[in-house]
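Shown next, in structure tokens, is the structure this report addresses.
Letters A, B, C and D mark the chains in the order given here, with residues in each chain numbered from 1 onward.
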Amino acid sequence: MIELRSDNAAGVAPEVLAAVQEANTGSALAYGGDDLTAHLHDVVRDVFEHPTARVFPVTSGTAANSLAISAATPPWGAVLCHPSAHIITAEGGATSLFGGGAVMQGVAGAHALIDPDNLRSALDGVRWGDPHESQPSVLSLTVPSDFGTVYQPDEIKVLTAIARERGLKVHLDGARVANAVAALGCTPADLTWRAGVDVMALGATKNGALSAEAIVAFDEEIADELVYRTKRAGHVTSKMRFQSAQLAAYLTDGLWLRLAANSNERMATLAAELGAIDGVRLVERVDVNMAFAELPAAAIDVVTDAGVCFYRNGPSDIRLVTSWQTTAEDVAQAAALFRAAMTSP
Amino acid sequence: MIELRSDNAAGVAPEVLAAVQEANTGSALAYGGDDLTAHLHDVVRDVFEHPTARVFPVTSGTAANSLAISAATPPWGAVLCHPSAHIITAEGGATSLFGGGAVMQGVAGAHALIDPDNLRSALDGVRWGDPHESQPSVLSLTVPSDFGTVYQPDEIKVLTAIARERGLKVHLDGARVANAVAALGCTPADLTWRAGVDVMALGATKNGALSAEAIVAFDEEIADELVYRTKRAGHVTSKMRFQSAQLAAYLTDGLWLRLAANSNERMATLAAELGAIDGVRLVERVDVNMAFAELPAAAIDVVTDAGVCFYRNGPSDIRLVTSWQTTAEDVAQAAALFRAAMTSP
Amino acid sequence: MIELRSDNAAGVAPEVLAAVQEANTGSALAYGGDDLTAHLHDVVRDVFEHPTARVFPVTSGTAANSLAISAATPPWGAVLCHPSAHIITAEGGATSLFGGGAVMQGVAGAHALIDPDNLRSALDGVRWGDPHESQPSVLSLTVPSDFGTVYQPDEIKVLTAIARERGLKVHLDGARVANAVAALGCTPADLTWRAGVDVMALGATKNGALSAEAIVAFDEEIADELVYRTKRAGHVTSKMRFQSAQLAAYLTDGLWLRLAANSNERMATLAAELGAIDGVRLVERVDVNMAFAELPAAAIDVVTDAGVCFYRNGPSDIRLVTSWQTTAEDVAQAAALFRAAMTSP
Amino acid sequence: MIELRSDNAAGVAPEVLAAVQEANTGSALAYGGDDLTAHLHDVVRDVFEHPTARVFPVTSGTAANSLAISAATPPWGAVLCHPSAHIITAEGGATSLFGGGAVMQGVAGAHALIDPDNLRSALDGVRWGDPHESQPSVLSLTVPSDFGTVYQPDEIKVLTAIARERGLKVHLDGARVANAVAALGCTPADLTWRAGVDVMALGATKNGALSAEAIVAFDEEIADELVYRTKRAGHVTSKMRFQSAQLAAYLTDGLWLRLAANSNERMATLAAELGAIDGVRLVERVDVNMAFAELPAAAIDVVTDAGVCFYRNGPSDIRLVTSWQTTAEDVAQAAALFRAAMTSP
């Protein structure tokens, strides 16, 4: 079996698991009052080159996004994001729940990335101060997008500048942000707060953690609210040290970027192979560890039967995702199976 | 240092950690679509002798309680519980958040246990069907209570019968339910669904898990709602298999009850020792692994300085909690230190 | 000054005001326990030819829509409506607030009316039962639409049939439903419950009431919930008899349809006049009492300066609305002013 | 029939109804953009001697209280009020709904008034900054209380000073505040903002209005939020001018205080008469227009049969309320009937 369904399906990186085991000595104050969580704050500030950033370990990407946004919007706000954003399509309305009835509004753009002109005109059309209309309060950027495409740091700057002019806060859904940082070769700071981001979901689970996600808040007021919002949402775990240990290990010595680089490189190879097969069409840019392809349904069936696992979005549409665990051999085998399926009679 | 602050401060039981490591092979469908989670359902049904019980791994006791209750109450409902219940005093209003504005109402009783007469008269006084008044919809029992006292199964039956007559659903906060089952020597079924409970928080973290709590739903409608409510609250983790592995190990071969029995026995010894010291007064029954004591402030200072860690609720009021990890030596040492502090000039 | 901004700007119909005065005798039980409210139920059942319909007087159209929908959707639901629907564009997110975080999703169609094919394909694309995706739960139809267009009863039937197949409930935003009934010449029943509607906002304020809107529920379960939902939203007024009196007068002897017919006829005349002016383009069908027109900005300025009041949606885009109060003279004068503005140099 | 059930049962004062009729001329901008609403702001500022107070007409006391409080508390807050407060006992959980899951906590005191010592000790016991505990955020005072008792302005000052020290905002439920002002002979300012109140429900409906309540906000931030919160709760009526007209008439030339003084005086007489009857016991102070009495059940039956309407809270417990409409003759007759019932064999 070759796993290309989701990076969520991958296991735990050895370094992360070792950190959990190491954390299991003695006893420690619950709910984040432990040394490992204190250490995690230092690690985050170091990695993000931000002296006052605060980190809130939570337990899912949905929690990280929706709670982060809820601390940045009033209940009457509107969260602007691409129509394909995870917070609209795949989080069961969590943002509206934690946001006290805040709404989400799509702003379109090619390659699953928000177009600055569309953002500007969406904001220009608002009746600001009129309570009949949901008031845009947060710009939420998914980096990389749910279609595996990334903004350049400068593109993010353009968008956040437009948003800030109107007083919006900026959230970044970083479920796979390590893949973006690794692909772009920029610093974490350049892609986030230096580009105008106030609060972000850090990701981690898709990229080698066991059960740890986190919100990183660069904005003090948002952080102050998160103290309460995370707790009453049930996302302040009692044995937080075991999450903090994972996250610290993940961010230390560049582990997160090495893991992400592996996923990216495997996908680069796979996408190149697929793109070279006659009759297979890559339908989106491949910037990180995801590819979307179109090929004959019959060929898809053949590859599936041969044990390659991936998502099928339509009869002839598939999604492939590599992970930190995907090997060069997995890629070679998968590519060979696709090629065979397309050339066999 | 002797840890008696909270069972939350304890580490992970070796069997549980081993299960996590074992689960880390290959890849698996995310969000509970894996074999380990399927297995967990069987384990829960077996342990609770209930053929259709459903289990929802979540990541904190607060989540387990508030989501379970939210699936059992309409937004205009009132949740009846003892005034000392964790859902009122220590969950930041989570029940009202997830309950869409449902309120909590205290029903008093000695030993932190609801008095049946008080429950009956609270329900008799309701203007049923009058929308001006929050309509009692859920009875929430904390077992053991936040003061370490337990109901007998028959006492639970009396309370749930009163509640059911009025159409209330019954929730059990089982953050330490293993300690209650171990102390009572009853079956898990007898203390829960056979006594009239519809949905419960299973506990686990305080008693040896790494990062796993769970809701167990005996009521089909509540379970159906929880599918959606857990997800949109961010409590359906992508790598659920690592939580399911913990929970299955925890419940298998009676591990949970052995761990709880250890806490209970250590506390029984400690409480007996303390109770025998002149000038120390146990201010509550000691049914499980918690004790509340009153002794001179100066003596408390001495014991604290000597390295015994516990909570101080007032100048001369302390709370002591043992855990699965507490050793006979810990207890002997702590007892000796208390005795010394009380006898020294 | 000629008022064509909104039917909201009109005053109270004499019959309605008389009913309020008449109701002001003696005392009466508060919160709907009075005879006038009991009478209103009979009137509604009679007018809608529905033996068990229940009416909930509320105080705004926003309340009527959002509370009605909240009683028909679970918090994890999605409310499908046209992107131009008032509940999306002009109610400040009330539906998400009262819906406990339910979301709204646009389903497009020409003339501000939902296209059945779009509705079908939206529903076909849902991952039913998957909690990651908001689950469509309510179809909300605006009749007439916010662009003054109406569905035929048969068109409503087609849409509601598609929705019901998937288990959705159907809500009708009837802020101007009297205008639709009057324009179509159908019965109120034919446009609503006989066409598959479960619950509706009745309108009234825009069409001659003083301060009275109402929810009419044809579905028993929705009605049962509304008892509580209206109260805790602060929409059960203590002196409800004065609202009930308005609503009963409004529905009695066809007053509501006569008032609406006046608005419709005035607009028909005005639209015909405008459409005949060279350089003025009606940009939408004129089915009831609203018209949208495009004409040179300079001409708009002239007409505005001459005292005709209307909304300007863009430099050369205007919206005109007639009301029960608009007179033939108003229309003649306004038309003349538009004609003059377009022909003057 | 003699009406002593509730001041809610009374009708509309002639001056108020006249103002509504007068307002019904021409057309006016909806949603508060009209001259009458602008005028109302001036009237409120004048009556309350506060240059920046802002008024938000709403449609029920429940709406006024819960929306006012929601603008003063974060969702994780706790609203402190007397256990008998209307917001706890009779508003269906509206405060928790609009407060995003904020909770209510009772602080006891004699005569249904909060005891300053109890308030101080409640606040002293809070773990401030600990997200496990709901954080007290608002002190809500009911003036007069639901048992018809009033605080002196100085007593309010003491309470608000304690609250402010801890950063709480202060809300006043003024459903019958006119009765308190009239009884105390103080100025509206002295009883409210000068005594430390940030936001209040003004009352009106119980005291002669048709369908108008209002929030008066002295605090700028609360007012800014109310713009949005009132709208999305459906409490910004389109024809607001008809509410504003009522409220302006109500507050002009002391009408509200004259109406309240009548209720108070009628009750003073009635209570004096009742208190003088052997076997009738007034069980609470009679400060305004409410009395609570204990007398034999048989006598209550007799008086009821004779046509005196009041609430019966228990077999021998009754509540009597006078209104602006109650006449001296009503009181004389009722007193005579009570006396007769108690003396007849």
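Some observations on this one:
Heads up, the rule we're going with is that a residue touches a chain if its C-beta (ideal position, glycine included) is under 8 Å from a C-beta of that chain, and two chains touch if they have at least 3 such contacts.
A quick note: this is a predicted structure, and the numbers were derived from the prediction, not measured.
Counted as hops between touching chains, the shortest connection from chain B to chain D is 1.
More C-beta pairs in contact connect the chains of A-C than those of the other pair, out of A-C and B-C. We define each chain's centre as the mean of its Cα atoms; on that basis chain C and chain D are separated by 34 Å. For the pair chain B and chain C, the distance between C-alpha centroids works out to 51 Å. One inter-chain figure worth recording: chain A and chain C are separated by 42 Å, centre to centre, where each centre is the mean of the chain's CA atoms.
Residue positions of chain A with contacts to 2 or more other chains are 31, 75-76, 91-94, 97, 100-101, 131-132, 228, 231-232, 236. Residues of chain B that touch chain A in their complex: 1, 3, 5-6, 8-12, 17, 20-21, 24-31, 58-64, 66-67, 91-94, 97, 205-206, 210-211, 228, 231-239, 242-243, 323, 325. Against chain C, in their complex, chain A makes its touches with residues 75-76, 78, 89-94, 96-104, 131-134. For chain D in complex with chain A, the residues that touch the partner chain are 31, 74-76, 100-101, 129, 131-132, 135, 225, 227-232, 236.
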